[in-house]
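In the two assemblies presented below, chain A is common to both, partnered first by chain B and then by chain C.
What follows is the complex of A and B.
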């Protein structure tokens, strides 16, 4: 029943797109003010998608297995929470979620933009409707969440156990808020070009959307990363997995856009940058969807593998890309020549420098992600691009980037000289000495690590000082930049100081290394509702005499029948102790992986700080000096 | 000059990207190794599981019959999962099941068979795993469909209902 209602609401929703487009085009010609009907229709459309979405949720809660999506992804023994989160834990449901957020955002946009010119609002709505119609057709034609199965199966196939996790239950919705938020930026940038409304006012108005999408995207990536850390049991927070990369690329573009918009709000420069980045952010989000959903990539996120779906998104994506290229070519004019005199040492220049660095990082990730596809198509060679590629290409460029980031925000608009030369020099010297002392303790590549760590410290000190100098002025920017320096520092220390052993142990055995002793005490079995757990009991003695009890788990899920390994992590402010256990091909032995990862929690904290910066900026009237 | 050239190049680049992605979609991502197919079965000389007598592979596969050689072990969880399908296959008289007990403990393996049933006509034990290596096995479980001393199909991972139907189609 719920499925039936959901299915019909979807078709009605699509119908309303036609009405909205018809009245918008009519309204564009005749009237001076925006037709109230259009707003009403947009709300009704949103309402229908909400009903459809709830229809699917209810089918999941009731375990209505006559619905194909529910049958494929749910099971009666699953806890209620995961029945609900299972709604968007699959291809069809997650697309419905996309659509839900798309229609929600355009409704909010229409309410919030009542100060803006009528033509601009209507064009934004029209472009957004093109995207919405695309998703409606995609959903209804190739991946309907409401397919009916007859006869009704008694039991569903179950949700992939690695997706049965609280962080992953909220990860897709948050990430989608970020992705879809970029669709509003995209439509609005196209509309602003068509109506020649690229201006300070436009920047001021779209800034909120950029900030909101950016905060959600950042948090979404963070949640995914946290999930991968404790659920996949690989013992790291970032694996340069293609699907991680496709969420990182829009983030780079959006971060750059954010900085451009802040400039544009002040002075009418960098308009081309802002336009191209608005388009690129959304195009990258869409290509992310394409790469993930089409199964063209091999990754941990093994989702749908249906060429027909891939083809649809591919055509849709490129239609949008070509549309935006044409609009950019024909409508965008650079009328900024007069103001376009950059002095070499000014805030504008430093933002431009930031842009180029960001574009560089973006291209590295882009090439690393899609080059294997290109190569395979052209030469039939299979290669995989791993962390060494990214580390080698990104790390050295972080050094000038961090230093520029420490200096840039202190410069003035238009023309500036180095203020606080004294402090900056002192900081630079302190950072270098401090890092040299730290790195010296360890037998690792001295030169590059020292320089990297010192530039991170340099940014850390200079942003810390800002808190005292500027106090509440520019607090949001400062928090975000401080968070970033903390992030880089934690990542560097995490990489440099981490310790790992991988070994096979049987019950009662002990492993001794220079730094710790691992004792495998025993195993216990526990039965849960949807899985059976084998829990290992380990005690780890550290050098300083302290000891930890770690209980990694193996879970044998009943539906579908999959074994997952749950890491046990002991977290404190300085280090994370991480242990996973796996079966080996001999019953008595278990494969144990034990890692000591310093500053792990600070990686999460610093990303939260970064998004907090964006969040605070959301409530601020204007970017200050 | 600038305004005409750049858009054209841009469009050209995106067109190429489109074509590449389009072709990439057509490529299958599922990799199935073709090694060992239609090849003579590798020879082995192993001890019988029940009574330590030596069994040579030529003796096993000599009849003009279909054989499914299944590599299994009692410690292997997916083997439990596939076992019910092997039991189903046992009822089919056109095929003989050969078990290759891989790096296992006799007691545990026997109790495994006692609990879940014994689908095999012959079981040989591969204590050190060398025979499995000779056959090119990727892991446990793995099964090879053999006919006239040739491997005609291999199944990596546990046998499921779909594989069962496929086997039935071949031996018909």
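What follows is the complex of A and C.
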């Protein structure tokens, strides 16, 4: 029943698109003010998508296996929370979620933009409707979440256990808020070009959307990363996996756009660049969806390998890109006031430098991700592009980037003398000495590590100082930049100082290393609702006399029948202790992986700080000098 | 003069341990740079699959046979193809992969400089 209602509301939602487009075009010609009907229809459309979405959730809660999506991705023994999160843990449901957010955002846009010109609002709505119609058709034609199975199966196939996790339950919705937020930026940029509204006012108005999408995207990536850390069982948080990269690319584009909009808000320059970035951000979000959903990339995110779906997204994507290029060429005119006050040492230049590096990082990730795909298609050679490639191309460029980031915000808008030279020099020297002392003890790649750590320290000190000098002026920016320096420092220290051991142990055995002693005490079995758990008990004696008890787990899920390994992590302010255990085939040994990872929690904290910066900026009236 | 043999033995043991520690370091480093071919986006080092476990043994043996890191990579490349290496080799196939980002960076710099001089 719920499925049926969901299915019908989806069709009704699509019908309302036709009404909205019809009345918008009509409204464009005659009236002075925006027709209230259009707003009402947009709300009704949103309402129908909500009903459809709830229809799917209810089918999942009731384990209605006559619904194909529920049958494929749920099971009666699954806890209620994961029945609900299973709604978007699959291809069909996640697309419905996309559509839900698309219609939600355009409704919010219409309410929030009542100060903006009528034509601009209608055009934004129209462009957004093109995207919405595309997704409606995509859902209904190729991936309907409401397909009917007869006869009704008694039991479902279950959800992949590694997706049954609290962080991953909210990761897709948060990430989608970021992705789909970029659709509003895209539509509004196209509308602004068509109506010649690319201006300071536009920048000020769209900045809120840029910030909101950026904050959600950052948090979405963070959640995915935390999940990978404790669920995938290898103790890393970022592997430069194509699917991770796909979410990082729009993030780079959005971060660039955010900085570019700040300039545009002040002076009407860099307009073309802002337009290109607005289009690119959405194109990257869409192609991310395409790459992940089409099955080209092999990963846990690939729910279905249906070429028809990939083809549809590809055609849709090209249509949108073609449309935006067309509008950019024929409607956008760069009427910048050629102001003569553009100096080397100014905030504008430093933002340009930011844009420059961001684009470089983006291009490294983009090329690294798609190059192997193209190479395979053209020459049938399969190559892998992994962490070493990204480290080699990104790390050296991080050094000037960090230094520029420390200096840039201290510059004025037009021209500035390099004030605070004294402090900056002092900070540079302290940073260098400090890093040299720290790295010296671990003599690994002394030169490059020292320089990297010093530049991160330099940013750390200069942003810390700004908290005192500037107080609440520019607090949001300063928090975000401070967070970034903390992030880089934590990642570097985490890499340099981590300690790990992998070994096979029997119950009762003990492993001694220079830094710790691991004692495998015993194992216990527990029965849960949808899995059996084998819990190992380990005690770890550290060098300083302290000891920890760690209980890594093996879970044997009933449906689908998969064994997963759950890490046990002891977190404190300085280090994480991370242990996983695995079966060794046909033996009484267990494979134990124990890692001591310093500053792990600071990686998460710093990303939260970065998002907090964006969040605070959202409530600020305008960017201050 | 008794302490000389003791000293020698101790130093050999110490050196042996050092060598051993170095071996494990290279072993891990190599395993981290290899793709576990049967896994979904994991390195040999990070994976506990049978493939990864056996490959770790292969690496260990090769190191003990005295092969250098480069030799081990090229051996594995011969056996499993370039797909196994996470660090793509710089050759005809990958010129663009390595150089295009750098070219983009240089072009970006050129655009900024040009912009500055135009304004002036």
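Keep in mind that, in the parts below, the second predicted complex is superposed on the first by the 620 of 625 C-alpha atoms of A that agree within 3 Å, B and C clash if a C-alpha of one lies under 4 Å from a C-alpha of the other, contacts with A are read in each partner's own complex, and residues count from 1 in each chain.
Definition applied: a contact is a pair of C-beta atoms (placed from the backbone, for glycine too) under 8 Å apart; a residue touches a chain by one contact, two chains touch by 3 or more.
As the structure is a prediction and not an experimental result, all values here were calculated from the model.
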Fit or clash - chain C, chain B, common chain A
fit
Output check: A:22 vs chain B and chain C. Expected answer is one of first, second, both, neither. What do you get?
neither
Contacts of A:352 with chain B and chain C, given as first, second, both or neither
second
Give one of first, second, both or neither to describe whether A:383 is in contact with chain B, with chain C, with both, or with none.
second
What is the contact status of A:561 with respect to chain B (first) and chain C (second): first, second, both, or neither?
first
So, does A:363 touch the first partner chain B, the second partner chain C, both, or neither?
second
After lining up the shared chain so the two structures overlap, which partner does A:467 touch, if you call chain B first and chain C second: first, second, both or neither?
neither
For A:582, decide between first (touching chain B), second (touching chain C), both and neither.
second
If you count the residues of chain A that each partner touches, which comes out higher, chain B or chain C?
C
With chain A overlaid, the minimum CA to CA distance between chain B and chain C in angstrom is 7
Intersection of chain A interface sets (partners chain B, chain C):
298, 585
Touching residues (chain side chain C, partner chain A) in the complex
32-33, 35, 40-43, 45-48, 50, 53, 81-88, 93-94, 96-98, 100-102, 104-105, 108-109, 112, 115-116, 119-120
Which of the residues in chain B come into contact with chain A in the complex?
3, 7, 10-11, 14, 18, 20-27, 29-30, 73-77, 81, 103, 105, 108, 139-140
Contacts from chain A onto chain C in the complex sit at residues 232-236, 239, 241-243, 298-300, 338-340, 342, 344, 349, 352-353, 356, 359-360, 363-364, 367-368, 371, 375, 379, 381-389, 392-393, 397, 565, 582, 585, 591, 593
State the interface residues of chain A toward chain B in the complex, per the touch definition above.
290, 294-296, 298, 305, 307, 310-311, 314, 318, 321-322, 325, 329, 373-374, 376-378, 556, 561, 563, 583, 585-587
